[in-house]
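Each of the two complexes below includes chain A, the first together with chain B, the second together with chain C.
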Partner chain A sequence: MAGVTWRRLTLGVAAVYFLVPLAIAVWFTVYNESRGFSLGAYGRIVSAPGFGESLLKSLLLGAAVIVLVLLLALPALLAVRLGAPGLRPVLETITTLPLIVPPITYVVGIANALRGGTDALAATPFWQTLISIQDENFPVVLVLAYVMLALPFAYRSLDTGLRAVDVRTLVEAARNLGASWPYVLFRVILPNLRSAVAGASFLSLALVMGEYTIAALMGYRTFPVWIVTVSGNDGQLSVALSVLSLGLIWLLLLTLSGAGRKSK
Partner chain B sequence: MAGLTNSRRRGGGAGWLAAAPLLVVTLIAFGIPTVVLVVGAFSVKGGGFGFENLSATMREPYLGALWNSVTLSAVVAILGAVLGAFLAQAVLTSRSGLLREAVLTASGVLANFGGVPLAFIWIATLGNSGVVTAALGLGSGVLYNFWGLALVYLYFSVPLMVLVIAPALDGLKPQWREAALNNGASTWQFWRHVGIPVLGPALLGGAVLLFGGAFAAYATAAAMVGASVPLVTLQIADALTGNVLIGYENIALALSLDMIVIALLVMAVYLPLQKRSSRWLA
Partner chain C sequence: MTVELRELRRSFGGTVALDGLSLTIEQGELIAFLGPSGCGKTTALRCVAGFERPDTGAVFIDGADVTRVPANRRDAGMVFQSYSLFPNLNVRDNVAFGLRVRRRSADERHSRAAELLELVGLGGFGERYPHQLSGGQQQRVALARALALQPKVLLLDEPLSALDAKVRVNLREEIRRLQLELGITTIFVTHDQEEALSVADRVAVLKSGRLEQVAPPAEVYDRPATPFVAEFVGTMNHLPGRVSGETVEVFGQTLPLDGTAPGAEVDVLVRPEAVRVTPSGDGRGFILASSFRGSIARLRVQLDGGGEVLADVPGHEAVRLAPGLKVDVTLVERPVLTAPRTAVAAPVEPVG
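Let's turn to the complex of A and B:
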């Protein structure tokens, strides 16, 4: 009986703590004492200047990060299993780096490196490269930074997925039957890893759609940065945007678990 | 067999080749900024190297901010680990598949929810003109202090702990508990001698993760408390955006180095533990 009581108490406290702010936030966005019920705050999101532009920019960044993370991590992870086990500690070290270097210190390093690099290379052709990777519409520096931040999550997801697959047998069978390496990668390995790849992609996209610190301090107007700048003094709009970004995470997670289930 | 070992040996070189793009990108995207950061932290005014910047970060106002960040993260880590473990245990033992599914999904969502949107939702609830503040007549400033910040950080820390600890709790076999109780142990004795030692690494590992998350958090604090609770992340951002006295540019780099050293020390606890706890999750 004591077990039931403490369980109810724990669940009750948790429900109040987690659900009350959410309920208040939703209520706050649809009800106003002077105007009554209205979904106007959500309508104002879409019509706010820069909405489509920043959302598109973040989605593009997300797509680039996903492709790059998969292209970098998959061959390395396959190599660990196919005959270079010495690589594993190296990969583990690389994927713990973002846990040790917080984003705010990472952006300090990047900003100083770019500033120093631009000064030092001013008279060389590399200067143009440095400028172009900082392009406001598609900042390659931001893609690279997000790839580094997404690697730990992608690595763990893919590693777990690969654990369930006998990579060596699959690869040797396919190669013996005359399949090329790209064919092995895209038609043999990847279909067996669908849910792990979906997991890695979701986590990378969630990171890009939520990361504020690096983008804001480098002056890029990604979706999370836009949310803050557009909120201004409009309290209702800012909370509506918060509810929207929470909904976005939930939608991504739902898609992920859907993809995971389908492959089983 | 001979062919297999042979191919394994030959695979070594090809393996490193397959990993080369990853290694090169890491070297550029992570190596260069890190080297610049460390060199900058030790560069002193007027050229040359020294400890001037670093010793400046060990004086006020920076030392206080560092201390605030560390204590806030420690409070969040300990409270989050304990509360998360209790919540996970309550959910997992309730035998309701629906509740379990709902809480784990919600934890996945909330553990990823942070930054400024998190601050906005709490400001609407407990801010100076928040709904709960008005309903309970709490007065102003409830949220804009150390404990308010801890309350908000727990909103993503507890769900993260639930996700981390749930597999370990699942691995705690009911037979162990039955065996202990049949041999006359009390519930407390079971937890003291079996449950906690088995869960120990996962609990501590989870706490370290929570510490790291709270320590690195910047956007939520910036939107909520501004300068009223000085934190090291806020001061780095100020220094980076030129919001400081001239001649203090390298302070941002030195403070960053301080943060990395603290995170390294905490991680040094976590990494060996992760290996130990993975034995139980297998």
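Let's turn to the complex of A and C:
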């Protein structure tokens, strides 16, 4: 009985802590003392120039980051687990590094590399490549930077998922029954890692949808950068934007976890 | 289909798992690889499955060298020690997994899966998921899955070790029945000597990556080739004896030698069932402990000169032969094996 009481109490306190500020924020966006109740703030967001464009850009960046992070982390994790368990601490340390380096350092590093690269490659065909990865409409260079940032979260999510299944036995059973390595990866490992993959994807997406420093300093107009630019000194609008992007992230989370649970 | 292991060597870091293992497994034979953990039995099996590659040596299946063939093209069905069913697939899809990999039609997959589930006594379980099955049922499904592709050889890697004693006995008999019915060449890895002796056509006893003896169960038990085999398979008493010519003197009895003795002062190896215990006021020892096992009782007899002897007597004699009773110990008149004298047996001194 005491357990149930404690659980309810904890849940209640947490709910108050999270929901009260949120409710106040929502109230602030829809109620104004002079004009009364109105959804005008949300209307202003959607009609503001650059809304759809920057949102789409961020979602595309997010999708690219998810694909790349999974392609990097999953095979690496499997290879270490199956072939070289002794290297696990090394991999763990490497994937923690991006958390230690401050974003501003990335920006300086990337900017320097791009500038130096532009000079060095000016006379070669690679110059075009260097320019195209900085394309304002789909900055590949930002994808690469975000992959680095997302790696620690994706790695931990996948590692936890892999810990819950006996990967070695499943792989060997599948190999024994004639499955090729790609078949093992896509038809045996992935289906049993659905929730871990969904978790890694969500964390990566949330990171992309919320990252401001790198994008802003490098001069790209992603959704978070657009939010800051457009809210300006319109208090109601900027809070409405926060509420909206929070709602958007939640929606994506529900979609992803729904996809993760589907096959059970 | 025969399986031949030729001079297999494999080491992991500094540990030698296989040290020149050579063995031929005949068509339709069930051979048990028996040995303590670390003896190389599982490594040998994994070399046949293709999960390990020997450092040197070769594996032949049906006359073809498969040493370099990847695991997914070996045509060997395997049942693992731990539960290995795919948790996201139901029982039918688990059994049909190999057929699906080979792109067989859904009709063929379903009928073959149903047929195999019937064979392992799980007809009607096709729609269940692995987590809804008991351990024994999961291993049956794993067996059906391994057999679905009609492999040339069946590999069993301690498939029963995670199961309850009762299920274990039932399932091992069932495995043997199926194996005989299908006539499939089978390697059964186990550390349980009773399991090996009860199901195998031949038992291969391994120690430190080397073959100690390979022979039918009765021969391994009755005529162990080495002291290690004698010790590992069944229980063996070490009694000090003195060799003279073709005989050995032990406990005041003169028994014929089996094979040649390693010296004059030897350990005579005697099974508990070859030791007779009779109540006697001026006997050479007394009963220290008795453990009743139904059909027999195992007595631990403390000898007056130091040392102990284990003896199996018929269960109904257990009441008469109670702990504390002064007894005499004699050996059944049969040729006996000898081993070099060991320090372990030293306290056992013959009396009289």
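Here, the second predicted complex is superposed on the first by the 220 of 264 C-alpha atoms of A that agree within 3 Å, B and C clash if a C-alpha of one lies under 4 Å from a C-alpha of the other, contacts with A are read in each partner's own complex, and residues count from 1 in each chain.
The definition used in the following text is that a residue touches a chain if its C-beta (ideal position, glycine included) is under 8 Å from a C-beta of that chain, and two chains touch if they have at least 3 such contacts.
Here the structure is a predicted model, which is why all the values come from computation and not from measurement.
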- Task: State whether A:D166 touches chain B only (first), chain C only (second), both chains, or neither.
- Result: second
- Message: In the overlaid three-chain picture, which partner chain does A:A111 touch, first (chain B) or second (chain C), both, or neither?
- Response: first
- First (chain B), second (chain C), both or neither touched by A:L205: neither
- Task: May I ask you to decide whether A:V188 touches chain B, chain C, both, or neither, giving the answer as first, second, both or neither?
- Result: second
- Which partner, chain B or chain C, touches the larger number of chain A residues? B
- So, A:A174: does it touch chain B (first), chain C (second), both, or neither? second
- Task: Pick one for A:V239: touches chain B only (first), chain C only (second), both, or neither.
- Result: first
- Note on the structure: Listed in rising order, the residues of chain A that touch chain B in the complex are 3, 6-7, 10-11, 14, 17-18, 20-22, 24-25, 27-28, 68, 71-73, 75-76, 78-80, 82-84, 86-87, 90-91, 94, 96-97, 99-113, 116, 144-145, 147-148, 206, 210-213, 216-217, 224, 227-228, 231, 235, 238-239, 241-243, 245-246, 249-250, 253, 257
- Would you mind writing out the residues of chain B in touch with chain A in their complex? 7-12, 14-16, 18-19, 21-23, 25-26, 28-30, 32-34, 36-37, 40, 86-87, 90-91, 93-94, 99, 105-106, 108-110, 112-118, 120-122, 124-126, 130-132, 154-155, 158-159, 212, 215-216, 218-219, 223, 233, 236-237, 240-241, 252-253, 256-257, 259-260, 263-264, 267, 271
- Name, in rising order, each residue of chain A that touches chain C in their complex. 165-166, 169-170, 172-180, 183, 188, 191-192, 263-264
- Task: Would you tell me which residues of chain C are touching chain A in their complex?
- Result: 49-51, 70-74, 76-78, 80, 82-88, 97-98, 101-102, 142, 145-146, 149
